[in-house]
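This structure is in structure tokens; I'll ask about it shortly.
All chains are identified by letter, namely A, B, C and D, in their written order; residue positions are counted from 1 within each chain.
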Amino acid sequence: MTSLQLVFLLIAAGTVFAALMVVLSKHLVHAALWLILVLAGIAVLFVLLNAGFLAVVQVAVYIDAIAILIIIVVMLTQRAMGPTKMHVNRNWGVALLTAIVLFAGLLALFNQMPALQSQAPPFALDAEILLDDLGLSLVDTDRYIIPFEVASVLLLAALIGSIMIAWPRGSASEEERET
Amino acid sequence: MPFDINDPFVWFGEWFRGLLENLGLAPGAVEFIQTLLGAFVLGTAALVATFFLIWAERKLVARIQDRLGPNRVGPYGIFQTFADALKLVTKELITPTGADIVPYNLAPLLAVMSVVGVWAVIPLAPRLTGSDINVGVLYAVSIGAVGTLGIMLAGMSSNNKYALLGAFRTVAQMLSYAVPMVLALLVPVLLAGSMGMVQITEAQHAYWFIVLTPFAALIFFISSIAEVGRAPFDLLEAESEIVAGFNIEYSGLRFGMFFVAEFLHAFTISALTATLFLGGWQGPGASEYPLLGLLYFFVKTTAVYFVVIWIRGSFPRVRIDQMNSLNWKLFTPIALAALMFTAVAEKMVTEFSLNRMLVHLGSNLLLFAIVLTALRSYARARRREQEGLALRKSNLQTGSSQTQP
Amino acid sequence: MIPLSWYIIFAAILFCVGLYGALARRNALAILMGIELMLNAANVNLVAFWRYGTLAIRGQVFALIVFAVAAAEAAVGLALIISIYRRRTTIAVEDIDMMKW
Amino acid sequence: MQPELLTWLIPLPPILAFFLIVLWANRNNRLSHTLAVGAMLISWGLAMTVFGMAITSEHLGQHPIVSSVPWLQTGETYFNVGVLIDPLSAVTLFFVAWTCLAIFVYSTGYHNFGKKRDPEDRAGLPPKAGGIEPMYARFFAFISLFAFGMLTLVISDNLLLLFIGWEIMGLCSYLLIGFWYGKDSAKRAMIKAFITTRVGDVFMLLGLAYLYTETGTLNFRQILFNDEVLHTLAATPSVIAGFSTAGLIGLLLFMGTVGKSAQWPLHVWLPDAMEGPTPVSAMIHAATMVSAGVYLVLRFFPLLTAGWHEGMPLTPTLTTVAFIGAFTALFAATIALAQNDIKRVLAYSTISQLGYMVAAVGIGAYVAGAFHLITHAFFKALLFLGSGSVIHGMEHGVHASQEHTDAQNMFNMGGLRRKMPRTFWTFLIGGFALSGFPLLTAGFWSKDEILADAFANHQAVFIVLALAAFLTAFYTMRQITLTFLGKPRTPAAGQAHESVWSMTVPLLVLAIFAVAAGWIGIPEEFPVLGGLLPNWFHEFVGGTLLEHPRALPFNAVPLLTSVSVALTGLLLGWLVYRRLPSGAADPLSRPLGPIYRLLQNKYYFDELYDLLFVRPAYWFAETFVYRWLDRGVIDGVLHAVGRTALRLGSFLRNAIDLPIVNGLGDAVGEGVKRAGRRFRLIQTGRVQEYLVIGLLFTSLLLSYVIFFQP
């Protein structure tokens, strides 16, 4: 067991535990926080996988934007969902079963696929070149510019959509409250 | 390795590694300890420096406000900050009931961590940087964002409506100002062709980026001040506002941490501005004598810090809606425009091999002119509207007294 | 070195936990978090395959795109939750069954 | 004006009159009768001019007045239609014109023109009290149509046009017999007449068709006047064994004559035809229509006698003709003895006289037959018109005497000599001509010719004809004495008085002809009178045949027998019926006994035909066709089809459509509804349950794809 593997195991265990806590914790706020922990764990994993850029992006995008947004919304809707209520719905058993079945299926799948048995990382890579290559590939017309553009359009649409949905003026509840 | 004046840090590093290896540690462990020690030294240096920063700021602001400032404790009040620190440390750490313990205690840590974390990537001298990662700029931004998270947690977990409200407003401000800051940040990245701080500083060997893109530098500087929540944009925890913003429920050392984090953050952004736009440790002879580079870096940073304090002392506070509209209606479009202009200019420079400085400066000035005309027409329209309003109000009064013809 | 299968297994675990979260929790937000977990698991997988498997730069590109999608999804999801909360003052998924037959 | 054009115009005026009256003038009686009589006058004038031209032109036989027009397109060739005036048609035209004109004038008086309309009279019934005939114009329209038919028949140059005229006359006889359609007997009589003549016409049409197929033309000149056609026809055996083609065609055409001229088998309709008004009976049943039949036989004499010469044994066709002619003559004469109705007696006498002519043709006496035809037309028309005026007078008497007696029964008459002198004398002349009073009357000359011929060739025929002549003389005298001589047996007879002038003038004219007509045909060898007048008739009419018939050598025996027969018949007739008291039975009835009743009932032929033909026809129509065939078979089949279709339809509906098709449809509908109800439960509205289900299926799919694929 090299030190790196040890580190990996530690982080992985921590993240998994955090993930479990996200799912199981009663207080929504705690769940949000555990989520942030999971995200941080994954960022570290990215570092382990030599994908430094992705790690930083993970932190910047997830932790700073999405997690905070979630926390904000949690705060907004805190009043309604007191901790006392049942936090798991009726057929959680089925959900659990599905998750486990899926997990078993995935494992079985992995055993069958030969490519997954590779032990060692195939190539040493230079971070710099990699980052340039990634940047170029995103805008290279015969590589991945289309997904890149589509993603940008998607973000724009999401932006406008969420604004429209959450726009306070004109929304029924505003009028309800005022009237 | 003999002591070499022009490369003292490397020499020191080598000497220290030799020392450890003699102790018989494994190379990995040596590497680990070395980085750990390095990080420790950098962190404490930053925190210790804060004391002097606070003192300097209080002195300067006082001078601006035509008063003496702290002069009792130690010569020129130099130890005033230590006294305050001592006071804070001795205060009782009160935890409000119903507060969410974990996030409540985690918040101050995150705040300080986010500020100190930035220093890891700032290149102090030609070969002296925390860690030269190729996504340095992005790292700095994201670590800064973690600070927002800390504030959020503080506000949320202190079971206090006002704290929550204050936290919301702070987060809103920081999040919204992050956008123009990052966009303006991209300009030097564009110019340098890489996100690594070291590469950016080296790229400014010929021209400092402030020379090439002053407008982008200005946008970056103002939005980062807003990001910190100081000076004109510090209404969040201003006295006349809602109590003390998110750190109401904090006392003692936790409050101290927030306090330190805030001041250090101001110094950090000035360091960032210095590295990105003022060439960091660039200066005559810096590459031969790294120590000289270090000196240049600190001079530039303090200069920028001085400007920050200067602004804090002289500008009136900005209202919340003005701040937001300023950001979304002015800074973000300008930042985007600046980024596009610079990209076009850069392309022209490489295509037609024109003089780099002239082209960039020209594009910046052009952008500046465009913005000015837009602002002037907007202002004139508003003024005419105001007069129209006033006119109507005035003839309303005269009208009521006279009978309409 | 860390074999690829570890990453895959870790991602699978994460994914299934996220799945359970999405399926079992009553709170809309918890579901959202579950989905975030699943997305991150996918990301880990992508990057792992990029690093070990045959996916050249594609792994990273698609990881980035997954980021974009996740952000968009979170934004719209949260906006929806807020608007539902405004109208129904509840975000318990059982109550949001206006689409029931 | 060339004679051809005039000939074309002869039939035209009557048809114009007919249309004018029918379409325009039927309201105004005076206008209609002037139109009709005027038209007849014009065509009479034309006829006389043409007759004059015909007589004056020499060798009319060789090149007669002929013109023809292409009418029907038969393939490439055209079927020509035209007019032909040769000696036979000229002579016939002469007597037809005269008789028709006489009858037209007579009928104005007969229908009481000038008198007011009697309100009780109803259209369709004879006027009761001498009022004007309600359907006055209609009568004149029909008789002018009839005149048109007769004239076209006479002048036509081919069999088809002849046949057309023939049919128009048939129609007119039907219309005129049933003129008073109110009377039931009239209605039955008109139908009987029409049907029986129709039977004859059918055979005639067959003959026409057969002739056309054989020779390819119907033109008289082309068939009858050229030798080799006649020879080929005579030579080729016909369809029926024993008859040559010519013989068979002749026979078929002769059947037409039998029908039309009421010869023995088809004679039943003529006596009943007396139901019509008297001018009609006169015109149709004396002068024109019946004589048309004989004219046809005379016209086709060459065809009948094709392949036969004087003196050879008779061909089968000729024997049948002769037999029918002779037999009808005797047969009709016997029936006439027992008839009480004045017009019925005349009807039977017409039948027997026609039998004479047919017999003459049958034994090859062409000229004699023609001669008798002419003379008979005149004196028979006279007799009929005379009887008409007698009946008219008797009706007047009945009306005056307010008694209810039959105006037509001879036994109610008597002593009219003094009341109706003009009618009596003209009637007397006609009667003597009919019975063949020697030397004076035309009847004697023509009948004598026939008897001479018969004596020369066939003794049997001679004997029968002589006997018939005796009976004719007897019943004529019986009729005269009963009606005119003695004392009036009923008050009505006492009150009768003479008819108006318009009726009696035609009688006088016809009487003149009845006498004068004989003189044109006196044979040369006749003892005294022979040489005085040339036998013009023999010369002239003989010309129509190819080779001129030889005049007979004079023989005293037929002459003596005809004279003696005539005189004894007259004498006996007068003696038997001289002083017959009123209400007494017929003196003949006692000696003849059952025979008399037989004769009175016309040998029960009506009943026989009724039994043989009418009742079976009814039966056939009523039961066989209607009840069995129509209702039974056809309706049966239809009902059966209907029922089966109904049953099939209901079966299909109940057994197949409802249970299976509808069933299936409903089942599908139900199934979908039930499935819908069950599946509905899945839509819980909970997002997570959807996710779970989705995941389950995807995982199943995945597992299948991965694990079970080969």
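Everything below uses one rule, namely that a contact is a pair of C-beta atoms (placed from the backbone, for glycine too) under 8 Å apart; a residue touches a chain by one contact, two chains touch by 3 or more.
This one's a predicted model, so the numbers in the text were calculated from it and none came from an experiment.
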Partner chains shared by chain B and chain D (touch criterion as defined above): A
Relative to chain C, chain with the most remote C-alpha centre: D
Geometric centre: closest chain by C-alpha means: C
Averaged-CA centre spacing for the pair chain B and chain A, given as whole angstrom: 29
Chain A-chain D separation of Cα centroids, rounded to whole Å: 124
Computed distance of Cα centres, chain C from chain A, in Å: 5
Rounded Å distance between chain C and chain D, as computed from the means of their C-alpha atoms: 119
Overlap residues in chain C, where contacts from two or more other chains coincide: 19, 23-24, 93-94
Interface hub residues of chain D, defined as touching at least two other chains: 686, 688, 692, 695
Multi-chain contact residues (two or more partners), chain A: 53, 57, 65, 89, 94-95, 98, 102
Interchain pairs in contact, sorted by label: A-B, A-C, A-D, C-D
Chain D - residues contacting chain C, complex: 680, 683-688, 691-692, 695
Touching residues on chain C, where the partner in the complex is chain D: 19, 22-24, 31, 93-94, 96-101
Touching residues (chain side chain B, partner chain A) in the complex: 28, 100, 102-103, 106, 133-135, 138-139, 141-143, 145-146, 148-149, 152-153, 156-157, 164, 168, 171, 175, 178, 194-195
Chain A residues within the chain D interface of the complex: 89, 91, 94-95, 98, 101-102, 105, 108-109, 112
Complex contact set, residues of chain C against chain A: 1-10, 12-21, 23-27, 29-30, 32-34, 36-37, 40, 43-44, 47-48, 50-54, 57-58, 60-65, 67-76, 78-83, 85-87, 89-94
